[in-house]
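Multiple structures follow.
Below, subunit A partners subunit B and then partners subunit C, in two separate complexes.
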Partner chain A sequence: MNAQGSRRVLAEFAYEVPPVERGYTGQTLYVNLSDNTIAARPVTDEMKEKFTGGRGFGLWLLWHGVRDNTKWNDPENEIVISSGPCGGTTQYPGSGKSLVVSISPLTDIPIDSNVGGHFGPLLKFAGWDALELQGKAERDVIVIVDGQNGRITVEEAPDVPVDTHLIGHWLIEQMAEKEEDRYFMSVVSSGQGAEHTRIGCLNFSFYDRRRKAPRFKQAGRGGIGTVLRDKRVKAIVVKSPPVRGDSNHPADPERIARAGMRLHKEIHDYDDQQNRMRRRGTSYLVGIMNDYDLLPVHNFRYGSHPDAVKIDGDVWQSRFSQGLPDGCWYGCTMACSHAVDGYTVRTGPYKGQKVIVDGPEYETIAGVGSNCGIFDPDDILEINFYCDTYGLDTISFGTLTAFVMECYEAGVLDKEKTGGLELRFGNAGAAIEMLHQMARGEGFGRIAGQGIRRMKEHFVREFGADPQFLQDIGMEAKGLEYSEYVSKESLAQQGGYGLTNKGPQHDEAWLIFMDMVSNLLPTFEDKAEALHYFPMFRTWFGLCGFCKLPWNDIVPPDNAYTDEPAKIPEHVRNYVELFSGVTGREITAEDLITMSERVYNFQRVFNIRLGKGLREHDAVPYRSQGPVTVEEYRSRAERYDKQLRELLGLDPEKMTTEEKVAALRKHREAQYQKLIDAVYERRGWTRNGVPTLETLKRLGIDYPEVVAVVQKHL
Partner chain B sequence: MKVLAFDSERCVGCHICEEVCSDTWFKATDVEKSSIRILDEGTGLLQAVFCVQCGECIDVCPTKALYRDRKGIVRLRKQLCVGCLSCVGFCPYAAMFYHPDQLEPFKCIACGQCVEGCPANALEIVEEPTPALTVTEQWEAVAG
Partner chain C sequence: MIRINNRDEMEWEEGLTVSVLLERMRFSFPHIIVTIDGKVVPRDEYETHLIPDGANVRVIHLIAGG
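Now for the complex of A and B:
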């Protein structure tokens, strides 16, 4: 295929690539695909001070781009990609993340999805703190940001393939004149699956110099790939000048270097004794979750399974190529971006191809594996590969497939309703065929690809299913599928999932061990404090361009003896050093929380502006809180009986299991409401979940348009 | 391959090797810019830290800036280095060094200048067997 012959420039914009100063370029790139407007917009001091970067910039730009009634597929919806001031730092592990923000086809409110790969940092080094994509193209296009030559183009690309493993290779092959050009290019793409479902993901590439091939990390959550394809964008490409150790032009490079060397040494000395991330990546979590009864099995009914050993970290260590620096950004010695090389695809359109499968990571293994009763690593690899190349989120795919399987086993679905797919737990073949149907936009796959919330409506309307049962077992909140942890026995984690801005994704708060295992959060106030601090702390990573993993997937050897081991105080000090070292803005550990609070509360108000974000929208399915069915109760009868006796003064001996399920449910649902009250109070919100005027004023985000949104609810 | 070797029983702790090294490569007399460091850990014998050319850093480098040259010496291609300092944290001998005056780390390449400068004959260049191929070198052999 001739690259130039199949591409035609529709719009062009020349610019002078500005130097990066203290982590910022001072401008964002606006591209409108409807009318081919391309423009540079200034980054104001107010933006930097109040919104920092990354997710903060994304939400700020999106807020100004959309109306109160904008839907995900309206032209004015945007996709905003931004790393953050510290993004692109090479000395400290986990400093290359991008944050993507858009109105989600699953939740109808802003989604934020964080992702590795090189795009965000290279976008900055190409001259832009953020890319704002609005409008819809008439025909399929690619957007090229060429920071080597100071040129942006929107190009028609009818012959370019859509699926990621093809388009990623294709664009890099066609656009790189020599091997070195590949190093500083990154492609954002999705795939066919995103076109027919609401669970489309974005793939962000980075060039692997040893494998001599592009690798891909996923901005999985919330269906942003679906938005990309709805805008008829096949890919976004960035080319930047060569990356150097000081490409961010930080205020104090030595401060950053010293922090970086400390953490490199810590990982070198202790990773093998701690999580072995360098050998197994996040797959190490499978065994731990299984041991603590937290691994989702059969649609979150159970927390462990005897076959989990077949898909645990040691199995993946034997499948991942070892000894390579598998970081998704330069200098990440945590190196969790492992891959299975030379995997031969077994099904579908790419059957027989030898491919690199990026991952699988814990969420994928638990989601498409144990949660669906699938315990064969090759089945997990097949699904992982196709989800990525089709542009589908493995978490949503796993959780919704588990839901479908429970519906099938409960008789809500049968072979006739699924078009012949026998979607029982453990039937990997049926799950893989459903995945191919999603890509083709056919059959039951097309229905399933709309996500659990819409499937519930469909099954009630078309099949006469019991809406209460589907509500109880359908693991979604706000329209987003749950990520892969069983939260039943941790009230704090129920809040960690339910009291989120974007929907149930654990990147806001993961409190299960603190709450359930270590019992560090005995009171509602303790839980509320944790549900204030940790979501804010974790939000901060996404403002700056950092990854969460090097914060607590490696810890200093003396961490257990510090005042607050769960916070990893030494690493918090590192982050303060890094931010101050890059931007020259001296901050404290407390400032870090305030920076996040601004963005977090702004996002809450944004949700309210778009019709969600109140108390009713923080409701969760009962499956996330306790046993829905008699068989679930019986699987942990001893624990639940004890709770009935000790907490409620009931005598389980005199009750039927149905009565016990009902009594426990009443108790647990009431506890969740008490938790909401405590958390809202701690966050400075009303009992309906609305940030108060005092909160907005304290944070300095009491802009008239923000105040106008909350005033309707005060 | 020819590598630097140190005899602790002969070392008198004059630190001339450090001065020679930093002067050779940085045109400065500054131990912080030397690729050999003489340490007194109170054992009665002085210790020297310098690169033994083991090559472990080659597999840590994300850009393939570190490589083993034809003579077996581990070297850094500065134009490929992104200054991540992974190699500094991961060197098992703590013999990869950083100085704030430059972005890239530095290390001993067995040039032998310090051997000539050592008044106590505590340093010499010796022949050692080249270590086994690193994972990176094995991939290079396959991928070409």
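Now for the complex of A and C:
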């Protein structure tokens, strides 16, 4: 294929690449695919002060781009990508993240998805604090941001492949004029699976100099890949000038360097004794979660399985190529983006190809592995590879496949209804075939690819399934599939999933150990405080361009002696230093929480504006709270009987299992409602989950259009 | 009898060390802080540090999750 011959420029925009000053370029890039408008828009001081960057910029731009009734596939829906003022820092590990925001095909409200790879920082160094993509192209296009030559183009690209492992390689090979260009290019793409499902992901590339190949990290959650393909975009490419240690032109490089040196030394000295992230990445969590009965097994029915040892961190350490600097941004010594090299694909259109499989991460292993009863590492690699290249979110795929498998075993589905797929737990072949069907838009895969919420409706309508049973076992909230932790024994984590803005993704709050194991949150007030602090703290990473992992997947040796060890106080101080060191804006650890509160509350109001975001939308499936079935209860009978005795004063000896299931359920559902009340109060919301005017004023986001949304509900 | 995390109870026995306690409880997570009657036990003493009868033991697990 000839690169230039297969591409035709539809729109072009020339610009002068501005210098980055204290982490900002001062402008965002707007591209409208419907009419091929390309424009530079200013970043105001108000944007920087109130919304910081990253997810904050994304939500602000999206708010102004859409109407109250905009749906995910309306032309005015946008995809906004932004890193944040600290994104692109090379002295501190985990400083190259991008945040993507769009209205989700799964939830019909804004989704935010955080991702590694080089795109966000390179976009900034190419001259743009954010990219705002709106409209729909008539035919497939690629969008090219060339910060080396100050040129933006929208180009027709009919012959360019769609699937990520092909298009990523192809574009980089065709567009790099010299070897060094590859280092400073990044491609955002999805795949053919995103075209026929609602669970499409975005792949963000980074060029691996040792492997001499692009690698990919995923903005997985919420179906943004589906939005990209609906806009007829095959890829977005950025080329930046070479990255240097001072590319952000920070206010005080010394402060950044000092914080970086401290963390580099910690990682060097203690990672091998702690989580071994440099050797196993997040896969270390598989064995840990299994030990604590938190690893999802068979659609979250159970929390452990004897075969988990076949897919735990030690197994992946032996499969990952060792000794390579697997960071997904320059300077990250945590280097946890591991890969399996030379994997030979066993099925589908790429059968026989030798490929690099990026990951698998913990969420993928637990989601497409244990949760589906699949304990063969090669099956997990096969699914991981195809999800990525087809542009499908491994978390949604894993959780919805587990749901399908339970429906199959419960008799809701059979071979006739699935077109011959025997989707029982452990049947990896059937799961893989369903994945290929999703990519082709065929058969039962097309139905499953709509996600659990829509499958539930379909199974009730077409197959006469019991809606209550499906509601209980379908692990979705707000329309988004759960990520991969069993939350039954942690009320705080039930809230950590249910009381989120975007849906049940653990990147807001992971409180299971604090609550269930360490018993640090015994009261509703304690839980509410944690469900205030941690979501705000973790939101801040996504405003600035940081990765969460270096915050607490390595800890200083004296952390145990601090007042609040769960917060890792030394690392919080590092972040304060980094932000002030880059932007020149002095902040405190308390300011960091307030910065997040502004964006978090704005997002809540955004949800309300789009017809969601109220108490009823924070409901969760009972499977996330307790045992749905008799079989589930009996599997942990000692634990549940004890709770009936000690918490409810009941005598389990005198009760049938059905009665015990019902009594426990009544108690746990009431506890969740009390938790909601406590959390809403702590967050400054009404009992219906609406931010009060006082809250909006305190945060300085009482803009007339924001106030108008909440006033309807006060 | 010893008390763990202000909630669970475990029979005490002669020679009970922190390491043995962690193994019995299946506390395999590496990011933990152990205190006995309010005093932090250094990690390199887990193998040898004896837990007295009637002790109030805290095994604080730091946050995990991706």
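Methods note: the second predicted complex is superposed on the first by the 714 of 714 C-alpha atoms of A that agree within 3 Å, B and C clash if a C-alpha of one lies under 4 Å from a C-alpha of the other, contacts with A are read in each partner's own complex, and residues count from 1 in each chain.
The criterion applied here is as follows: a contact is a pair of C-beta atoms (placed from the backbone, for glycine too) under 8 Å apart; a residue touches a chain by one contact, two chains touch by 3 or more.
Just so we're clear, the structure is a prediction, and the values are computed from it rather than from any experiment.
S.K.: Have a look at where A:V243 lands relative to subunit B and subunit C in the superposition and call it first, second, both or neither.
M.R.: Touch partner of A:V243: subunit B, not subunit C.
S.K.: Which partner does A:Q91 reach: the first (subunit B), the second (subunit C), both, or neither?
M.R.: The first partner, subunit B, only.
S.K.: Is A:W540 contacted by the first partner subunit B, the second partner subunit C, both or neither?
M.R.: So A:W540 meets neither subunit B nor subunit C here.
S.K.: Where does A:F375 make contact in the superposed view: on subunit B (first), on subunit C (second), on both, or on neither?
M.R.: After superposition on chain A, A:F375 lies in contact with neither partner.
S.K.: Classify the contacts of A:Y390 with the two partner chains as first (subunit B alone), second (subunit C alone), both, or neither.
M.R.: neither
S.K.: Which of the two partners, first being subunit B and second being subunit C, lies in contact with A:A560: first, second, both, or neither?
M.R.: Second partner only.
S.K.: Just subunit B (first), just subunit C (second), both, or neither: which does A:G331 touch?
M.R.: The answer is first: A:G331 touches subunit B but not subunit C.
S.K.: Would you tell me which residues of subunit A are touching subunit B in their complex?
M.R.: Listed in rising order, the residues are 90-91, 183, 209-212, 243-246, 253-254, 257, 260-268, 322-325, 327, 330-333.
S.K.: Show which residues of subunit A lie in contact with subunit C when the two form their complex.
M.R.: Listed in rising order, the residues are 273-275, 282, 285, 287-288, 291-292, 361-363, 483, 485, 506-507, 510-514, 517-520, 522, 534, 548-549, 552, 555, 559-561, 565-566, 568.
S.K.: For subunit B, which residues count as touching subunit A in their complex?
M.R.: That would be residues 59-64, 81-86, 88-90, 98, 100, 103-104, 134-136, 139-140, 143 of subunit B.
S.K.: Quick check: in the complex, which residue numbers of subunit C touch subunit A?
M.R.: 5-7, 26-31, 33, 40, 58-66
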